[in-house]
Amino acid sequence: MKRLLVVSAHAADFVWRAGGAIALTVAQGGKALVVALSYGERGESGELWKEPGQTLERVKAIRQEEASRAAAILGAEFVPLDLGDYPLRVEEKALGRLVEVLVDFAPDVLMTHTPKDPFNPDHPVAYEATELARQLASGAGVASAFKTIRPPEFLLFEPHQPELCGFVPNLFLDITPVWEKKLKAMEVFASQAYLRRYYAERAEHRANHARRISGLKDIEKAEAFQRVLPQVVRSL
Amino acid sequence: MKRLLVVSAHAADFVWRAGGAIALTVAQGGKALVVALSYGERGESGELWKEPGQTLERVKAIRQEEASRAAAILGAEFVPLDLGDYPLRVEEKALGRLVEVLVDFAPDVLMTHTPKDPFNPDHPVAYEATELARQLASGAGVASAFKTIRPPEFLLFEPHQPELCGFVPNLFLDITPVWEKKLKAMEVFASQAYLRRYYAERAEHRANHARRISGLKDIEKAEAFQRVLPQVVRSL
Amino acid sequence: MKRLLVVSAHAADFVWRAGGAIALTVAQGGKALVVALSYGERGESGELWKEPGQTLERVKAIRQEEASRAAAILGAEFVPLDLGDYPLRVEEKALGRLVEVLVDFAPDVLMTHTPKDPFNPDHPVAYEATELARQLASGAGVASAFKTIRPPEFLLFEPHQPELCGFVPNLFLDITPVWEKKLKAMEVFASQAYLRRYYAERAEHRANHARRISGLKDIEKAEAFQRVLPQVVRSL
Amino acid sequence: MKRLLVVSAHAADFVWRAGGAIALTVAQGGKALVVALSYGERGESGELWKEPGQTLERVKAIRQEEASRAAAILGAEFVPLDLGDYPLRVEEKALGRLVEVLVDFAPDVLMTHTPKDPFNPDHPVAYEATELARQLASGAGVASAFKTIRPPEFLLFEPHQPELCGFVPNLFLDITPVWEKKLKAMEVFASQAYLRRYYAERAEHRANHARRISGLKDIEKAEAFQRVLPQVVRSL
Amino acid sequence: MKRLLVVSAHAADFVWRAGGAIALTVAQGGKALVVALSYGERGESGELWKEPGQTLERVKAIRQEEASRAAAILGAEFVPLDLGDYPLRVEEKALGRLVEVLVDFAPDVLMTHTPKDPFNPDHPVAYEATELARQLASGAGVASAFKTIRPPEFLLFEPHQPELCGFVPNLFLDITPVWEKKLKAMEVFASQAYLRRYYAERAEHRANHARRISGLKDIEKAEAFQRVLPQVVRSL
Amino acid sequence: MKRLLVVSAHAADFVWRAGGAIALTVAQGGKALVVALSYGERGESGELWKEPGQTLERVKAIRQEEASRAAAILGAEFVPLDLGDYPLRVEEKALGRLVEVLVDFAPDVLMTHTPKDPFNPDHPVAYEATELARQLASGAGVASAFKTIRPPEFLLFEPHQPELCGFVPNLFLDITPVWEKKLKAMEVFASQAYLRRYYAERAEHRANHARRISGLKDIEKAEAFQRVLPQVVRSL
């Protein structure tokens, strides 16, 4: 029974990139929590702002509702930190909040964005905050003065232009059993039809890659991740 | 029940670097096969050549006997290809033989040296041959004209000067339960007391690293590996 | 009026990965030549070998016919070198032949596979041969004893698992105007329906990437390349 | 008619490293704007401070006058932000100002320093600010709540110790036609005779490199750049 | 007579990683100064906090006493900056203090942590501060408005998990003559028996590496460093 | 009294890139030996071939005479292996010859080309042969069946387009005292006036870099090298 924590720079990032991992973890009896650092109200809500008389409050409310609904479909809880976007900044207090969430939830697996992304100024900020919070929550591996948790596995999920973000996947997850759930969660974000199709096709491509790597012929949909730390195992 | 194939440039390499992985795999009900490309009769048998009247044949026979004995302690079969060392060369016929071994044994896990080693001219040659044999044995992931096996996991084991060989471990294996076996196998190579001590200490260091990464406090001995290909999994 | 030379390890590689570049170059008044180092008769013709009584000769003849037809649709000439595959080897004589082709055709642009590919043993061999032939054909940039050509631009085309091949695209080509031709050329390889779909979807993804990078909203299909040498230009 | 924006950490950086690009762009009918984040009044004005009774105000005034004059020779406008140097810091407000300049000028090409420079603490700061401003000004490639511009090409210009800065040029610009202008602009900075000679010689070396790469024998002076993002083109 | 400055993130780091270099420099007639940015009172003093009624003040006092004693054994002066840890932050004023120390002490050799460390959030912060202070203290290599020192050599010392920190040693120092001093200094930190043993074994391993690289058979203990800047020498 | 061995792919390479190191080593009482793998008779003797009725034999004789003369000016012995160029190949026998030279000369310092050079097919071949010979001559650091020498330092000298060859200098040698000798040796190759000027200017640039790194203000000419293996030292 795994516990999965996903840190998302904006309200919808987790769906495209980790929706399958969330749904699968839950389907296998685990628990998933999504923390969104911002609503993406400036950088990724252009469609909403086209509506006359639109307000910041309303944009955030819509994003909150959509993201919560998508998370619910996947089986996860959704916690927004509302730190603002474009640019996102994670100051000391917000970092402390993130550490708290980590210590309270004590995840087995922690996921976030890549440290580099030439097409999104907020994704590397989310990475930096998550990486720092991870270290503060788990300590340096030695006895410390504060409460620490068992160090979670640390994964990066797939960015939109992988090669330009330095993303080299070393973990493919078979999400075939929960594909319908991911698809439904993606459909919540009605205005982003393109991304729905893109990540649907990626799921097939990554499955193809996974089949060629493993020889497992029944993988139909997959998500790609980059594991940041070494794995520690008890059998090969 | 895993099948593990280790390709060793010289007769003793597999003991220091993968002895724990071999013994553990066997202890867990699996099967292990060691292929030694050479006996290391030129580059790593200096002690034996100090004996007056020593002959190449005798050096090889001693190395064969020792390596077989060490392999037996770990529970593995030992197959020497006797291709010569310093420099080792793997020509077309020998490559074909290696492909055959791969296809016949059909390993789940394949292990060998790093592609770079500024202190051993034969280790990169062993890597190149193993990498090519792996691809020829498993095909390009599409239907081919020849018999192919399910692609094995591909691991590099720890070289003597890791950083200079570009070795970045991403897999630590807990070998605590089989440590005594590895120690005994290392003792077979009586003249190489230094390496026995070195890898015994490394096993503790890697265990320390593994504990800090994972929080698993009962790991006392570990071996480090670098996984070359992405992992394909069905749950996180 | 550009001259484009594509070196393909197997008979069909050029279609999936450079079909758009070929068709576009020709459509813009240029000339394209495809050199296939092998027919891919062992590694990529598994379907053909399922036919009872199949012969090597027949497999090659079919591949030759298909590849020529696909090349013709794109507007290119097709020259097979028939060096064998799995493993492909380019010995001295074959290298000389490749140099001759380069000197005779004198391309403005030269394209081939990536230097690394963990899923195809022949692709790096094709790269090595092409890189060496390029240097021998163009000289070291100083006066030499042999006839040299003006150095062509050197591009790598997109491999099947880009990140694992170290492929980082730095050139996106808008192939919208010739998309129908690429599609038809891909349809020639009837048994490889999967690759047809895969590269059709990639063309859309790469177009999406290209739009985000450039702001050119009318790009619908694109191919990705990695330029190996610096560009020399006369205006920014 | 290209629009070129150069972000310079100190008042004179743009002359040595991008003077040719500026002059050429203007000579070809384009427009160039130089933003200097600081006057380099502390770190690069040592000569001026040797004068008895020198004041900060006067140093800045001299640097402003020289830089404006050099920019005028090249045909560019010069905008100083006066943020201080050694160390340079770009806080939120200054970043906002930089974004504004980007949005107002809407450059086709954007240039700045390398992200790494072990010999200048301010150059990486200038890179970080420019990279962030570029992303904020152009959006993430999707509809956003704020006004965005078409994404400019993004180039790094040549640092003083290229290899130690991780600079790998992938673009050589032939500046032969405007060489005299660059030379004159460099002469404005009378006290920095060494740099004038250094960059004059580099212009010849880079031209030599460019000739060897391209075969274009008439290139006599060149500047080297590193393109950060993929190029998007409509013909090879 | 060399002057060595070591910047340590926490109070004890310098002993494990640079104790030999300090003792040797002093033994050879040089002078060594250790600056500790924090006492490690939160992240590395867990044992002390187990005592009932423990206070922050007392923990710091104990760490101060131990670190001073260890430094004295090695022959170095110990200067704590008391900036706090987990997370360590080096704000403008503290940076200014570090620059002052550098300018006053004018070291020939400067040492600190690696820029990357996935197991310690404070080590990269120490690196960043030291790198920036180094540049501000030595200027850009040109005449500046402030007092500058001759640029010191810049070395990184060995982190606990070298490969995961991107540490590639290019300098091994023979510390055989001062080994007893390092051992005694390490014994000061009674509660950290594990690290004492770990770095004692590392000293032997690094000596083994050093012997294999150099052929100098009398090296029994060594420390590994990564030199960041090129060396400038007057004979090979 | 150092012994320096330089392995040069073609007859003149050593002069441009290591002439200062050779002359300085000799001036300081050391000994220098240059091994040229080929005469560069095809790739770098274009001027000579313009003479009507020119023959291969004569071209080689001229190159032999020039290179010997240049070596003599620098104070080195010149040993040609005459293996042919464009492409250079170092087969088993030639490799054995190179190992012999290494064992007989027993250099303290070994120098050759970079492993990568997109503008010269023979330079990487020279690197591979030298690297392999080095390892075979010095053994793996353990007792071996053959005579071994104490491992030399291993340096790469500066290629013509450093960044494109992956050359990152970490060693600058002050060659001011022997500059006149290097200049005279370069003048031997009358037809290559450009390279003479290029490397004369580089010597000043590298001196400028060296001054900025070290603060040693009297360095007027320098050569840049990349040290491949860690240094082993007995004081900092």
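As written, the chains take the letters A, B, C, D, E and F, and residue 1 is the first residue of each chain.
In the analysis below, contacts are C-beta pairs under 8 Å (C-beta built on N, C-alpha and C of every residue); 3 or more make two chains touch, one makes a residue touch a chain.
Every value quoted in this text rests on a predicted model; they were computed, and no experiment measured them.
Enquirer: Could you name all chains that are in contact with chain A and with chain C at the same time?
Expert: Where chain A and chain C share a partner, that partner set is B, D.
Enquirer: Show which chains lie in contact with chain B and also with chain E.
Expert: Common neighbours, chain B/chain E: A, F.
Enquirer: State the chain with the largest centre-to-centre distance from chain F, centres being mean CA positions.
Expert: With centres defined by C-alpha atoms, farthest from chain F sits A.
Enquirer: Can you tell me the C-alpha superposition angle of chain B onto chain F, nearest 5°?
Expert: My answer is 120 degrees for the C-alpha fit.
Enquirer: Taking each chain's centre as the mean of its C-alpha atoms, give the chain farthest from chain C.
Expert: Relative to chain C, the chain whose C-alpha centre sits farthest away is E.
Enquirer: Count the residue numbers both chain A and chain D use at their shared interface, divide by all numbers used there, and answer same if that is over half, different if under half.
Expert: Counting shared over all numbers used gives less than one half: different.
Enquirer: Based only on mean CA positions, could you tell me how far chain D sits from chain E in angstrom?
Expert: Going by mean C-alpha positions, chain D sits 37 Å from chain E.
Enquirer: Which positions in chain F are in touch with at least two other chains?
Expert: 119, 140-142, 164, 169, 209, 212-213, 229-230
Enquirer: Which word fits the touch map of the chains here: line, ring, star, complete or other?
Expert: Topology of touching chains reads as other, fitting no named class.
Enquirer: What are all the touching pairs of chains?
Expert: Touching chain pairs, listed by label, are A-B, A-C, A-D, A-E, B-C, B-E, B-F, C-D, C-F, D-E, D-F, E-F.
Enquirer: Would you tell me which residues of chain F are touching chain D in their complex?
Expert: 119, 160-164, 167-169, 194, 198, 201-202, 204-205, 208-209, 212-213
Enquirer: Would you pull the chain D residues touching chain C in the complex into a rising list?
Expert: Touch list, chain D to chain C: 2, 4, 21, 24-25, 28, 30, 108-109, 138, 140-142, 150-151, 153, 155, 169-174, 209-216, 219, 222, 224, 227, 229-236.
Enquirer: Give every residue of chain B touching chain C within the complex, in rising order.
Expert: Residues 131-132, 135-136, 139-146, 228-230.
Enquirer: Where on chain C is chain B touching in the complex?
Expert: 41-47, 49-50, 59, 86-87, 118-121, 164
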